[in-house]
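Got a structure for you, written out below as structure tokens; questions coming shortly.
Each chain carries a letter (A, B, C and D) given by its place in the written order, and its residues are counted from 1.
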Amino acid sequence: MLNELKEEVYHANLDLADYGLVLFTFGNVSGFDHGKGWIVIKPSGMDYRRMKPRDMVVVDLEGNVVEGRLRPSTDTPTHLELYKAFPEIGGIAHSHSTYATAWAQAGKNIPILGTTHADHFSQPVPCTAVMTPEVVDGDYERETGRTIVSTFNDINYLHVPGVLVRNHGPFTWGKDPKEAVYNSVILEELTRMACITLAINPETTMNRALIRKHYERKHGKDAYYGQ
Amino acid sequence: MLNELKEEVYHANLDLADYGLVLFTFGNVSGFDHGKGWIVIKPSGMDYRRMKPRDMVVVDLEGNVVEGRLRPSTDTPTHLELYKAFPEIGGIAHSHSTYATAWAQAGKNIPILGTTHADHFSQPVPCTAVMTPEVVDGDYERETGRTIVSTFNDINYLHVPGVLVRNHGPFTWGKDPKEAVYNSVILEELTRMACITLAINPETTMNRALIRKHYERKHGKDAYYGQ
Amino acid sequence: MLNELKEEVYHANLDLADYGLVLFTFGNVSGFDHGKGWIVIKPSGMDYRRMKPRDMVVVDLEGNVVEGRLRPSTDTPTHLELYKAFPEIGGIAHSHSTYATAWAQAGKNIPILGTTHADHFSQPVPCTAVMTPEVVDGDYERETGRTIVSTFNDINYLHVPGVLVRNHGPFTWGKDPKEAVYNSVILEELTRMACITLAINPETTMNRALIRKHYERKHGKDAYYGQ
Amino acid sequence: MLNELKEEVYHANLDLADYGLVLFTFGNVSGFDHGKGWIVIKPSGMDYRRMKPRDMVVVDLEGNVVEGRLRPSTDTPTHLELYKAFPEIGGIAHSHSTYATAWAQAGKNIPILGTTHADHFSQPVPCTAVMTPEVVDGDYERETGRTIVSTFNDINYLHVPGVLVRNHGPFTWGKDPKEAVYNSVILEELTRMACITLAINPETTMNRALIRKHYERKHGKDAYYGQ
């Protein structure tokens, strides 16, 4: 069942580990089958080096396990909220990569300071609001998803394919699991650069024309980067 | 004698080196056999790459070598104090990992700034008090253990499985040697993240409900992380 | 056509990836054939691990593709401006290496703080001026080249073989593609050192005699470093 | 001639590269034969991966090449001054390791903040004074050695086996080339830790009893670390 997507999700999870974005069993990647309306996701607390494509768990949009002998990632309800609210995405990655997690802990948006950011995210990467104790003590993982979605009320999720969950870490997405992981790698690097930049010059800025130019040359209707 | 525990201790010591937490002969891991009341520990000043499982030294709780042709780690008396005071642990790791050691040198507790910390340590990681010259010039390594133990007068050692020894470095523990090393890796990473976070926003905080939620979902009686 | 230069450019591009100066398809290296007046450059958006020497694109100084089935790097017009203005160079490298890019984002020149810098760059590494929205919205990549060239009105490009393009990243050059990449590696390392140095002592200085001595012993007419 | 020492010096130079303390042809290690009064040193500007033990150059204490078809390191006169002034050393290493070089650029001594430092250096690691333009323009490399030696007028070179040359980088020494490189690795790590520590708590201190205890347990007459 969904064997091709299981392979994709499996390899994208391994990429998360290979790019150094997770330790031990941290993190998870999922993929969405738009036809069935089901997601495929990493099992909870599973060692990246021991798992197999067939260990990936199939879950419907209500969170019921459709197939799989293992429990899905505890963060599954967060993924589900994102797939329901962001209809054009096909993959989601969650890591505890060092710099993006550290910035999420700082509780701030990541400003656009350079073209590495602007090539991939058209605006600052937002950090979610503090979740109230009531929400945390409720349906926590689902509420995490809802908090992300409400952060994007005024932001186009296709132009800003990631977010920092406050005091937690990054979630990124894309058209498929592989692109979601790609955006996690980019987010980690642009965050690391932003840390260094602000240590050198806390007052630095980037003008809007340059931000738009870089985003558009890769993603606009007249994009001319690549083959 | 205790061959299985020697293998465990040997491999946990190699893990310490493989995870990049020690240079040269720095650091040491031990394991405790609750039945015999003996510990197995790395020999002093031994190259990680040359030692064999049979080089591990067996020591009783008074510090007498029960078996082994090599001298046990100079830090053995510190380990002994911890095994005597913390009856439910079965392994201890000591490293000079860069960030945790640097923070120990700073002489401060590590505040909880994110879920990576809260998933593993339910409170700030404490830093021990300054040892007086009299204590340093006395039975130094044993006094180091006593200083750690007194730091945990009001802290549950099972919920906070590690400590920073001031101006020295981290000690972590767990149910076995492998878990002790796991906690050393986690401590190093959460310390590194805390350094970066505080450089971005020295005023950041994390609310208590979120700390409790994350610790409980992994370690509480209704834990639901993992298989 | 230009097969030897294609091999050189191909290997210099791989070096850029092997030295950890680029992620994914970021960055590009080119080489110049002074006889033909043509450049050889990496194709746009190409995966470093999949490309072959024959994928390198040959372009004339007006930017016309002379040979190659792939589109040349989007940064090709920047390279062309540099080859036209700096007649003695034979290779150019552009990366998004972490520290040099972060410093470019900070919008400052890199001061000379030590001999690692002075051994390779006789003066501070300049950062270009902000490009106006009109220039960014015009012939952007060509204007980037012109902005670099005007930065070198009063700087000898042979003694300072690199620049930070503001909010973007570093460009370096040399007598051939290999030397251009060498200078990118050096620039990354001296920038990293400068970040750390200024964190320790923001007021530090280096006297001019020592700067001149180190530059001259490697590059002056009486150079005595090497064989 | 001195084939055994050539092998030692050759391997110690490779270690310098393998531990990540140098880029390209940077750095050099030498060894001293107390019987002959000759040193063996890396050739100038030589690629670490291409050199052979037989490429090592033999030089007498006046700097004359006794044997070798290659030119010795440009830093040879610095090594000679150290061997003449510090009679009990048998090896010297010079690197451009990132943190030690950055701290040398900052022009400050490295304070003792923890036991990693105190285990190896009994006092702060000194940074040399600024060299005057006259001295720089004179017999520069020999003057570098003299500046180091005068820095040790009141410091025991056996208890503090290394120094930061201001605006340049570290030199370390030991009983043989291997120990000199060992001390370079330690110096790099303790410097990195000191950078991080001071970012967390610029006011931190370490008491003298603990410094003395750690240095003595490894190096004192009643040392009890190791086998």
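One rule holds for everything that comes next: a residue touches a chain if its C-beta (ideal position, glycine included) is under 8 Å from a C-beta of that chain, and two chains touch if they have at least 3 such contacts.
What you are looking at is a predicted structure, and each value in this text was computed from that prediction instead of being measured.
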Farthest chain (mean CA position) relative to chain B: C
Interface composition of copies chain A and chain C: same or different, split at half: different
CA centroid of chain C to CA centroid of chain D, Å: 33
Separation of chain A from chain D, taking each centre as the mean of its C-alpha atoms, in whole Å: 46
Contacts with 2+ other chains: residues of chain C: 195, 199
Chains grouped in pairs wherever the two touch, ordered by label: A-B, A-C, B-D, C-D
Interfacial residue positions of chain A with respect to chain B in the complex: 23-26, 43-46, 70-71, 74, 96, 98-99, 101-108, 130-133, 136-137, 140, 167-169, 195, 198-199
Of all residues in chain A, those that touch chain C in their complex: 113-116, 182, 185-186, 189, 192-197, 199-201, 204-210, 213, 217, 224-227
